[in-house]
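What follows is a single structure, written as C-alpha cells, with notes after it.
Just so it is clear, A, B, C, D, E and F label the chains in written order, and each chain counts residues from 1 on its own.
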Amino acid sequence: MSGIVVQNIERADQSLIDGLAKCGVSTVHEAQGRKGLLADYIRPIYSGARIAGSALTILAPPCDNWMLHVAIEQLKAGDILVVGTTSPSNAGYFGDLLATSAKAHGAKGMIIDAGTRDVRDLKEMKFPVWSKAVFAQGTIKETIGSVNIPIVCADALINPGDIIVADDDGVCVVRREEASDVLEKALAREANETDKRARFEAGELGLDIYNMRERLAEKGLKYV
Amino acid sequence: MSGIVVQNIERADQSLIDGLAKCGVSTVHEAQGRKGLLADYIRPIYSGARIAGSALTILAPPCDNWMLHVAIEQLKAGDILVVGTTSPSNAGYFGDLLATSAKAHGAKGMIIDAGTRDVRDLKEMKFPVWSKAVFAQGTIKETIGSVNIPIVCADALINPGDIIVADDDGVCVVRREEASDVLEKALAREANETDKRARFEAGELGLDIYNMRERLAEKGLKYV
Amino acid sequence: MSGIVVQNIERADQSLIDGLAKCGVSTVHEAQGRKGLLADYIRPIYSGARIAGSALTILAPPCDNWMLHVAIEQLKAGDILVVGTTSPSNAGYFGDLLATSAKAHGAKGMIIDAGTRDVRDLKEMKFPVWSKAVFAQGTIKETIGSVNIPIVCADALINPGDIIVADDDGVCVVRREEASDVLEKALAREANETDKRARFEAGELGLDIYNMRERLAEKGLKYV
Amino acid sequence: MSGIVVQNIERADQSLIDGLAKCGVSTVHEAQGRKGLLADYIRPIYSGARIAGSALTILAPPCDNWMLHVAIEQLKAGDILVVGTTSPSNAGYFGDLLATSAKAHGAKGMIIDAGTRDVRDLKEMKFPVWSKAVFAQGTIKETIGSVNIPIVCADALINPGDIIVADDDGVCVVRREEASDVLEKALAREANETDKRARFEAGELGLDIYNMRERLAEKGLKYV
Amino acid sequence: MSGIVVQNIERADQSLIDGLAKCGVSTVHEAQGRKGLLADYIRPIYSGARIAGSALTILAPPCDNWMLHVAIEQLKAGDILVVGTTSPSNAGYFGDLLATSAKAHGAKGMIIDAGTRDVRDLKEMKFPVWSKAVFAQGTIKETIGSVNIPIVCADALINPGDIIVADDDGVCVVRREEASDVLEKALAREANETDKRARFEAGELGLDIYNMRERLAEKGLKYV
Amino acid sequence: MSGIVVQNIERADQSLIDGLAKCGVSTVHEAQGRKGLLADYIRPIYSGARIAGSALTILAPPCDNWMLHVAIEQLKAGDILVVGTTSPSNAGYFGDLLATSAKAHGAKGMIIDAGTRDVRDLKEMKFPVWSKAVFAQGTIKETIGSVNIPIVCADALINPGDIIVADDDGVCVVRREEASDVLEKALAREANETDKRARFEAGELGLDIYNMRERLAEKGLKYV
C-alpha cells in the first residue's frame, strides 16, 4: 500500500472537545445514539485519566512503528494519536521516548489497536494510553503506512479530525461534524441524570420513574 | 421465555454471611470441598473489596438491562445482585444511576456475567462490581427475563438466597443450606493456617510439615 | 514422566542480576536483540514491582502444585520461582502460605504460566507474582513433575539459572552465559536514551534524530 | 467434594426423544422459548451427526477422567454422556477405547466441556462427540467426582434425564418434564416453516409475510 | 441511531467481479497491496466455496436480525449480504428460511460478523456463509439499523457496492473504483505464479529465483 | 538477533519415524509419559492426514516469511518444516508456491505457530499443514531469523532432528534420542489396546478391567 501523509486536517472547536471530555465516554456514547464505541478489549494502561482530543490517525504495518515518528510531526496541541494496523499485532509500538516526543508536540494521549510498553514511565509522565496489550516486544522500521486517512481501530471507523473521548470505560469516537449536536445532547443527558440520581438516592424505583410497570405486565412478567 | 419474579426468598443468617466475608473466597472455596467458584474471567472493577451477601438472581436477555430495574425492588439490605444472561453479552448493563438505586435499596455489590460501565463513579461510590467486561455499550429495555430463579452465572449454578463471597481472588457461591457447615470448616482452616504460617515464616518446609518426602519417593521423584 | 530434582545449578553474579533489574524488561529485551520475552498474557498481580533473579524452574502437572513444595527447598536467596505446566491450567497454584514459605527461603517473586490466588495477601506481603490468571481454584498433590530442568513458560524456553527480569511491561529471560554482554548493551542503551530523551523533550523529531526522511521518501511516502 | 453416583434416574419417553432429534437444535431452541443452548464453543468433532438422548451427567475434576468409567456402568441404551468439570480443562478425557465401551453399553454420543481425542477413530466408529477442544493430552484417575447430579456444562444447567439435542448447530438441553410440550411446539414450528419456505422460495419478502413495514416506519426507518 | 436504507447503490461490472472470484482471496489481497482483509476469525461454514459479489451492507443491533429482512428487498442478482453489528454478538442471525429468501432474490452468499445457524441446511442449499460463530441462539426484531451505509465488518471498512471476494482463505474487500486495477494486477500475478510454480516444481529454490542470497548475507545470516 | 543456519543435523532412523507415524499422536504422547504435545490451538487445515518426520526448525520474525525460503534449501526427504516466531503472528506465512517448493525438496508437511493460506490448493496438493490460523494476510522479507536451532513452537520445545508426529488429534514431538524407546512403548501400548478394545466391545467395564471399584470406594464414592 503506498503511504500517504495528509498534512492539513480540520479539527473541531476546542470548546466542543473540552465539553465532551467532561461528559465522559458512557454519556457521549448514549448521547450520540449508542454508536462510536471502540471494542472493549481496548483498556487504559492506568485508571483515572479522562481526555478528549482531535484524532490524528495512523495506519501502521504489523510490528512496525515507523509511522509513529512520521505522525508526531503532524501533531497540533490537544491531538490524540490513534493507531490502527494493517494486520493484528500485540507488539509494543509505543514507549517512553516516543511519548516524550509526542508530549513535546502537544499530544494528549494515544489510542492503539496493538501493544504499548514502558507503562511505568508513561504513568509517571501522566501520558495516558489505551491499548490492546502491554507487551515489551520491539518493533521494526521497514514498511511505510499512512497518516491522517480514515482507519479502522478496534472495530470503529475513525476519520482524521474526529473527536476521541477516552476514560476508564473505554474509548468513543464522535464525528467532527456531529460534535456540537452530540455535546448538546450529552449536556442535556447529564442535567437529566442529576435529577434522576437524586430521586434514586431517595429510594424511588426506576420502575416508577420510567413508568415501566404497565409495559412489563403487557410483556407477560409475573410476580409469584 | 415467560418472565417470573419470585418475591420472597429465604436468606441465610447475617452472622453466617459476615463470617464467610471475613474468610474470603479462597478459604471458603477450599472449606466447601473446592466447589462453587465462578469462572476466572469475572474480575473486580477495582481491587480491595471483600464482601458477602445473599444472592438476588437475575436472568437477563443479551444487551437488555430491563430486569435490573425489576430486581432492585426485590432487594433487602445486604443482598448482592447476581446477573446471568440468556446469551453471551459484554454490553454495559450497569452504571452509576442503577448503582445509586441499588445502593439506596441496600445492595452491597453486583456480580455480572456481562459488562459494566461508569466504573470511575462506581469506585468513588464504593459500590463493588465483579464483571466479565468494562464496556460503555448501552443496553435496551425490550425483552423480559426473570428474577430470583436459579441461574448459571460464569459457569456456576446460583440459587436465589445462596451466599455470594467476592474479593480480589474472584467470586464463590455457597449453598444457603450448607453455609453454617462451610463457615465452621472455613474458620477451622483459618486457625490451622495461622499455625502453619508461623512455621513457614520460621523456615520449616512444606515437605516436612505435610510429611511429603516418603510419598514423593514412592512416586519416583529423584534428586540429582 | 519421571520426576527429577536438580539440586545444584549455576547462578549468575549478583551484580549482573542487579544491573539487569535496574534496566527493566523493555530495555533488556532490546539490548539482547529482541528475544526472550514471555507471552503478553503473563501479567503482574499488582503494578510497580521490578525484580530480577535466577530462575529456579518447575515443571508441574495441570492443577497440581505439589512440586512447588519440592522447589522451595532448592531456593537460594534472590531466586525467582518459574513455573511451567505439562498441560494448560488456570488453577491457583500459589497463595499466601506458599508465598510465606518461599519468602522465608529467599525467593524474590514468582512467574507462573497458570493461576495464583490470595492476591490481596501477596500484595500486602510485597511478594510479586506474574501469572496467567488470578483464580481461587485449588490444586491437588498427586502427580510429580520436575525441578530445575529446562522448561517452556509462556512461549519462552527457560533454563535453571537463567536470569529473569520482570516489571509492569512483562517478563524477559536472559541466558546466564549472555548476562554480562546483555547488561553492557542495556547500559549503553540507557545512556543513549538519556541523551535522546533530552532531544525529544526539546522538540526534536525522530525523523531528524534518526535521519529517516530520505529512506521514507525512497519507500514512496507522499505528503499531501 | 464427596462423590455420588445416582443409579436410577427418570428418562423421557423414547418417542419424545426421537421427535426432538428430527427437529434439530435450532428449531427446538426456538420452540422452548430460546433457552437451553450450550455455549457456542462446544463444536462437533465431525459434521453431519444429529442425535437426541437422555443426559447421563458426569461432574469430573480437571484433567481426570476416572468418573467416565464409573458413568458407563450407569448407561441405558440411547443415553448421551454429558460431562462438566469442576475447573476448566482442555485435556482429552475421551478416546476410542472409552467410546468402544460407551457404545457397547448403548451410548449415542457425548457432550463434554473439555477435550476429546482419537477423533479419527471416533469418526470411523460413527460415535459423535461435541467438545470444547480436540487435544491428545492424557488424563489421570486420582480424584472422584459425581454421576447423575445436576451439572453446569458450557454455561447450561443440565439435570440427569434431561433431553440433549445435538447437531451441527450445537447442543440444546430440554427439561424432561417439558419435553412433550416442547416437541409439540417444535412440530408446529416446522409445519409453519414448510409453508413459509415455499413462500420465500417464490420470492415473497419477510417484510410482507410478517407485516413488518408499518412497525419499521414507526421505529423511524427511512428509505433514501 | 436513526435507521437508513439506501436503495440505489453503484455496483461494479460483472466481468470484473467474475474475474476477481477466479483469482481468490490471497491473490486479490496481494494484488491490491495487502489491504482489505477481514479478520481471520471470519471462517466459512463449509469448505470449497469461492465467490465474489457486490456488497449489500447491513448494520444490525446486537442479537437483532430485523434489518436482514429489510436488506433482502434491496438485493440484486449476484450481491453478497455483509453484516456488521453495533455491538459484538455471536447470536445466530441467519438460518435456512432467510437463506431461502436471500437466494430467491439473487444473493450469492453472506458475510457476517456474528453467528449463523441451520448450517446443515445452508450446506445442502449450497448457500455459503462466512461467520464469526455457528450458534443456534435466536435473535429478536425490536431495534432498527441501516442498509447500504459504510460499515465495519471484522476490522474492515466496507462500502455498499464494494466487491467482496471470499473463499477458504477468508474474505477480502476491494473498493469498487479500484476493481479494474486490482483485477489487472491479480491476473498479472497469477501469470507470474504459473511460471514460478513450474520452476519450484523443478526444484529451483526461492533463494535463487528471487536473488535473495546476497541480501541475506548483508543482513548477517551465517551458515554453520 | 543474528541469524544462523545450521546445515547438518542428525536425523532419526526412517524405520523409527515410520513406526511412530503409524501409532499416531495420542498413543505416542501416552507412550512417552504424557509429554511433548503442542498446544491445542494448532489444528490441521484438513482432516485425515497422519504423518511423522524429522523437524527442520525455523525461527521467524512476526509477519516475515523470509526464513522459509532459506529453510527449504536445507530439507532432506521426509522432513517436516516446523516454524516458531519471535513474536505472536497470525499472518499467512505459507501458501501454494512455497508448498510446491517444499514438496519438490522432500518435505512431508508443515507445523506453524502462525497462519497459513491457499488452503484449497494445499489440500489438493495433499500437503498437510497444522497451523494456528488460516489467514490470507501477506508477509514481508525484511528481517532474518534462524534455521535448525532449538525453538519454542506452540508451547513445546523442539530441537532440529526431533521427530514430529501429527494427525487429527494435534501434534507431538519426540526427542530423537528417545525415539527408539518411545516406539517400543507405543507398540506395546497398541498391542494392549487391541486386547482391551475387544473386551470393551464385549461389554466388560473399565471398572472391572482396571480393578477400579475398591480404590473408588476408598476415595469415598457412594452409590445412591
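As a convention for this text, contacts are C-beta pairs under 8 Å (C-beta built on N, C-alpha and C of every residue); 3 or more make two chains touch, one makes a residue touch a chain.
Bear in mind the structure is a predicted one, so any value in this text is a computation, not a measurement.
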Out of curiosity, which chains are bumping into both chain C and chain E? A, B, D, F
Please give the intersection of the contact partners of chain D with those of chain F. C, E
Rotation angle, chain E onto chain F: superpose the C-alpha atoms of these two copies and give the value as a multiple of 5 degrees. 120
Can you check how far apart chain C and chain F are, centre to centre, with Cα atoms defining each centre and the answer in Å? 28
Chain A and chain F: spacing of chain centres that average the CA atoms, whole Å: 43
If you average the Cα atoms of chain D and of chain E to get two centres, how far apart are those centres in Å? 31
Per-residue overlap in chain E, given as positions that touch at least 2 other chains: 2, 34, 37, 40, 87-88, 90, 137, 143
Run through the chains and report each pair that touches. A-B, A-C, A-E, A-F, B-C, B-D, B-E, C-D, C-F, D-E, D-F, E-F
Please output the residues of chain E touching chain F within their complex, sorted ascending. 24-26, 29-30, 34, 37, 40, 43, 47-48, 50, 167-170, 172, 193, 196-197, 200-207, 210, 212, 216, 219-224
Can you list the chain F residues touching chain C in their complex? 1-2, 33-35, 37, 39-40, 86-88, 150, 152, 155-157
Chain E-facing residues of chain B, complex: 61-63, 87-91, 137, 140, 142-143
Chain D-facing residues of chain E, complex: 2-7, 46, 66, 69-70, 72-73, 90, 92, 95-98, 100-101, 104-105, 115, 117-120, 123, 133-138, 141, 143-144
